[in-house]
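Shared between the two complexes below is chain A, which pairs with chain B and chain C, respectively.
After this line comes the complex of A and B, so read on.
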């Protein structure tokens, strides 16, 4: 973009929103209230599978402040929430498929009254048979809750001759691996406020990642055209995928209630409701085989991958697709057979969670790879180095890896930093506490890829005011990851404007066209490129005006230096705001729309071959753990990680993604354990669902590797999800190194580790 | 139903005297957010587990979602809005959280800062282990805590340098 050295991209500038958030000024959805506003509370299904006969609201109506009950009959539009498949209603009419599903809403004058009244609504129903286990759901005899076979979707990847490769291999290993749910537990629960507008229009404010999904849902629920819907994101207290799809349901519920009551309606979830009914990471079951030659070259991978999708398809088809594409790990393998299924069960629908179907299968493949190393008598890190994807190699979908691939450097980095060669297998413990090191490698397709290619575009609107201040609007959201900061840096760099002069606010669907979801680590790449596209013509005008002003000041014609918000030539200086003022004086157009559509991707359904993603991010992790062999308790003492992200637009923010993602990965590995019994969730709270606290966070040694991605904004790729993917298998492999126990199921609860140790003894 | 007189709550919030009749069932977090419109205090679980609602009452960090408003009678309450530096500048803790990368989604941040504030009142030069312990009731889902620890250490140094103010 520029011959001048970068002055803003690549710098750890302070976050745009940090002071407002730290001082308590930032306004989240529940911090807003309006005159005449009603509060909504959900009436939820009492059992995992019921025939709905009606509601008895007589007791609820007696609660002071009760206003009305809202249910399926009040939906003006089509009662189908538009996601991937059309199977989930906004409110179920005759049948509810999981315990905790929202059946109706109570509206009342206060939140307490709404909650009290909702608790008093009796759901008249008959129980139906239900299925809880995904493997059981795939049996012929299972109660059918989706289609004729309870399969939401299924994929295959076929390459080479896997059976022959296994027969002729020197070493073959096989294993079955399972992973449990993981819940996002974003600190701010779900919430929305809907405002009925004149002419049948509707505005909804919400805590959400994907405003355009909410836009589609509200338009469909209310049977109004898209130009009558406006979705405005409010400062969002964490998402991690959990505010991808489900906020559209929450927004639609609030909008249906606002339409019926004619008043603004606030719907904010309590923590237990959030646990019971909102999205979460799919539990998984994987059977996998690796085959290799004596020298360690992997010749085949065969896998069957099953996800527990829950009661409705929601995002299961694309979560499954991403997991399937990445199933064999970041390795060059000629013979591959992967088959995958997302099964329907009578539990809350699973959806997007940072990693999106990859952490599950990565746990399986990276655990099994260590088993292969053991069988071959090789060092597991060296086995990985022998097989990893390098530029020019093909993935299991046949995609040729391009130049932006730093996996080798990442593995070497964690090997050196952790002192791997000298310390693995030799760490001294103390008494019953044994210590060990474990490694994992992974890669992550950036953006939506072929699985979501029709949504993979993004817009931006950049406006330069006559005072020299810049306003940038995009369609991808800030949810804590730092999007506003990184995109402001990209705008500042492109315009040669001071970073402090750029302002962004939360996404408003009336400002920027549908830019797809804020997911798949795509925002820096997609919105970043859209911002550059909007800035380019502005840059041309501003640079021309600056050059004219420099000439007017007596600077010689020719080259001009542009950096840090100043233009310089021949000892003369023109500031960004002076140049902008000149543009306005010349009556130039000082606002532009930008657009970026992702390069082409492909995936053939019959064999799973194609260029699945535009590019990949790569990472390697080494975990250093301590295992108390008397209790089975595992503690991560240190985590080494290295990530190839193309370029870190803001190194401190990138580091924040690495630390935070890794700690979520540690929670996933060790303590986060959602428990269902007879279709009921037993631990919908933060006491019994155990999150890593300040006491569990390890020492981090994380670094970036920058292998420029030529189509990225200033060579950046997305990478926000990769930090979560690698830690769990690295920890499991470290536990094995420490004490000899191989636990094939996440989370590695103390009793499971202890059980394995006991079996071994 | 017989109406009982609502209890009076008299306390000092962020240096301002407050006196009003309240519902005896009101939590301190609902009182601060709903009645005083001090929305900087967040509620993430309403069960005392997440720490987003931490405020300082008579020098001690409390989960305001589990603390009844009437319990604050006669006491001094400090919320995130009450933390100001010299001349209305951001308080060193607030500034350090912003500068050190300790803020991501920000929802835990006010409560986290109030726990750190209570810690520094009692212990102006905490070790990292003491910081970890003092913040162990505040869940942050975004940052991995590392930069939060650094921010508290930095602010502690700044505050010591100017006599704790």
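After this line comes the complex of A and C, so read on.
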């Protein structure tokens, strides 16, 4: 973009939202209140699978402040929430498929009245047989809740001759691995406020990641055209994938209620409602086989991967696809067979959570790889180094890896930092406490790839005011990950304007066209490129005006230095705002739309071959753990990680992503355990769904490796999800190193480690 | 959450008047850390809460000639930072330090922890080991009972709705004590197993010993056979291991969302062993 050295990209500038969020100035959805506004509370299904016969609202109507009940009959449009498969209604009409599903809403003058009345609505229903276990759901005899076989979707990847490769291998290992749910536990629960507007239009404010999903849902629910719907994101208190799809349902519910009542309606979830009914990471079951030659070269990988999708398909097809494509790990393997299934069960639908189908399968393949190393008598890190993808190698879908691949450097980095060669297998414990080291490697396809290619475009609108201030609007959201900061840096760098002069606000669908979802670590790449696209013509005008002003000040013609919001030549200086003023004086167009569409992918679903993603981010982790062999308690003492992210636009934010993601990975690995019994969720709260605290935070030693991605903005690729993926298998491998117990199911609760140690004894 | 009326009497005598006035029943509000959560989940139908948290009759930690007295409305934070408690009631001081999280410790009271009668209540477990007597008032009439006798089962006490715990009293005696818990997290976790031990040693011989185990039965468990085994001994590692096994035999844990019965039983052994070692084998 520029011959000048970068002045803003690559710098750890202060987050745009830091002060507002730290001071309490930031306004979240529940901070807003409007005249005439009603409050909504959900009436939820009491059992995992019911036939709905109706509602008895007589007791609810007696609650002071009760206004009305809203249910399926009140939907003006099509009663299907538009996600991937279109199988989920906004409100179920005759059948509800999971305990906690929203069946109807009570509207009341106060929140307290709405909740009290909702609790008094009797759901008249008959119980139906239900299925809780995903493997049981795939059996012929299972109650059918989706299609004829309870399969939401299924994929294959075939390459070479896997059976022959296994037969002729020197070493073969096999294992079955399971993972449990993971809940996002964003600090702000789900919420939306809907406003009926003149002419049948509807505006919805919400806490969400994907405003355009909500846009589609509200238009469909109300049967109105897209130009009558406006979705405005409010400051969003965390998402992690949990505000990808489901906020569209919350927004549609509020909009349906606002349409019926003719008044603004606020719908904000309680924490337990959020736990019971909103999305979460899919539990998984994987059977996997690796085969290798004596020298450690992996010759085959065979996997069957099953996800527990819950009651509706929602995002399961694409979560499953991502896991399937990455199933064999970041290794070059000639013979591969992967089959995968997303099964329907009578539990809340699973959806997106940072990593999106990869943490599950990565736990399986990276655990099994250690088993292979053990069988071969090789060091597990060296085994990985022997097999990893390097530029020019092909993935299991046949995609050729480009130069933006720093996996080898990442593995070498964690090997050196952790003192791997000297310390693994030799760490001293004390008393009942044993210590160990474990490694994992992974790669992550950046953006939606072939699984969601029709959505993979993004817009931006950049406007330069006559005072020299810049407003940039994009279609991807800030949810705490730092999007506004990074995109402002990209705008500042491209325009040569001071970083402090760029302002961004939450996404408003009336400002920028449908830019796809804020997911898949795609925002820096997609919106970043769209911002550059919008800035380029503005840059041309501003740079030309600056050059003219320099000449007018007597600077010699020729080269001009542009950096840090200033233009310099021959000892003369023109500021960005002076140049902008000159553009306005010349009546130039000072606002532009930008657009970026991801390059085409060639993946074919029939055989699972072709380019699956435009590029990949790579990472390696080494975990150092202490295991109390009497209690089974595992403590991560140190985590070494290295990430190839193309370029760190803001190194401090990149480090924040690494620490935060890793800590979520540690929770996933050790303590986050959602418990269902007979179709009912038993721990919908933060006292029994145990997140890691500062006490569980290890010492981090994280670093970035920058292998530039030429199609990325300033060579950056996305990487926000990778920090969560690798820690769990690295921890499990470290536990094995420490005490000999291999636990094949996440989370590694002390009960499980203790059980394994007892079995061994 | 249901709408509630909070009554704040200025003096203890006002409590009894407020109680009489609350026709549909009432609850005492101290720290509110259980009461409010339960009310949010519709578990408590009482619409009048009598706030006792500010009553001076329920406050204060005093060191008498032969007694330590802790007001029932003293918070966990106040208890664990009190020099008198640290000196005379070491197991209780440690329990209050490991109790919940700092914000909850600033709110939750000793009396509330007892009256809520959770089998996993950390402070209640330590109160029993420290041989606390509860000073209880009903309509101004005062009685003293062993704190331990209040617990009948999970969330079930011998207190009647208008019984108010005013304070806990402890014998002033130099002794060793320890509290160890095992939760799902190092801090801010509900105990899966906890152990409180208080012991007096004379020339290395155990002359008094109380062991209490939390979260492994319907109420706080007293493993009497383990206590008896060690009394009068100059215990070594082997005797402690035997006693710890007796502790595991004394418990009746359950499978629940937090853990399994089998794990809790074995952890009752491990945690009591560690607690006994810490109390009985330390040199000072």
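As a convention for this text, the second predicted complex is superposed on the first by the 761 of 761 C-alpha atoms of A that agree within 3 Å, B and C clash if a C-alpha of one lies under 4 Å from a C-alpha of the other, contacts with A are read in each partner's own complex, and residues count from 1 in each chain.
Here is the rule we use: a contact is a pair of C-beta atoms (placed from the backbone, for glycine too) under 8 Å apart; a residue touches a chain by one contact, two chains touch by 3 or more.
From a predicted model like this one, the values you see are computed outputs, not experimental measurements.
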Applying the document's definition of touch, where does A:631 land relative to chain B and chain C: first, second, both, or neither? second
Give one of first, second, both or neither to describe whether A:22 is in contact with chain B, with chain C, with both, or with none. first
Scan A:675 for contacts with chain B and chain C and give back first, second, both or neither. second
Which partner does A:683 reach: the first (chain B), the second (chain C), both, or neither? second
Is A:227 touching the first partner chain B, the second partner chain C, both, or neither of them? neither
State whether A:141 touches chain B only (first), chain C only (second), both chains, or neither. neither
So, A:693: does it touch chain B (first), chain C (second), both, or neither? both
Comparing chain B and chain C in the superposed model, the one touching more of chain A is B
Classify the contacts of A:116 with the two partner chains as first (chain B alone), second (chain C alone), both, or neither. second
May I ask you to decide whether A:664 touches chain B, chain C, both, or neither, giving the answer as first, second, both or neither? first
Determine where on chain A the residues touched by chain B overlap those touched by chain C, and list them. 270, 687, 693, 695
Which positions of chain A touch chain B when the two form their complex? 12, 14-15, 17-28, 30-31, 184-189, 235-240, 270-271, 479-482, 652-653, 655-656, 658-664, 685-687, 691, 693-695, 697, 700
Can you check the complex and tell me which residues of chain A touch chain C? 112, 115-116, 119, 270, 272, 630-633, 635, 671, 675, 682-683, 687-688, 690, 692-693, 695-696, 750-751, 754-755, 758
Chain C to chain A touching residues, read off their complex: 1-3, 40-42, 182, 184-190, 257-260, 263, 266-267, 270
Note which residues of chain B are touching chain A in the complex, please. 33, 38-47, 49-50, 52, 79-81, 83, 90, 93-95, 97-99, 101-110, 113, 131-133, 135-149
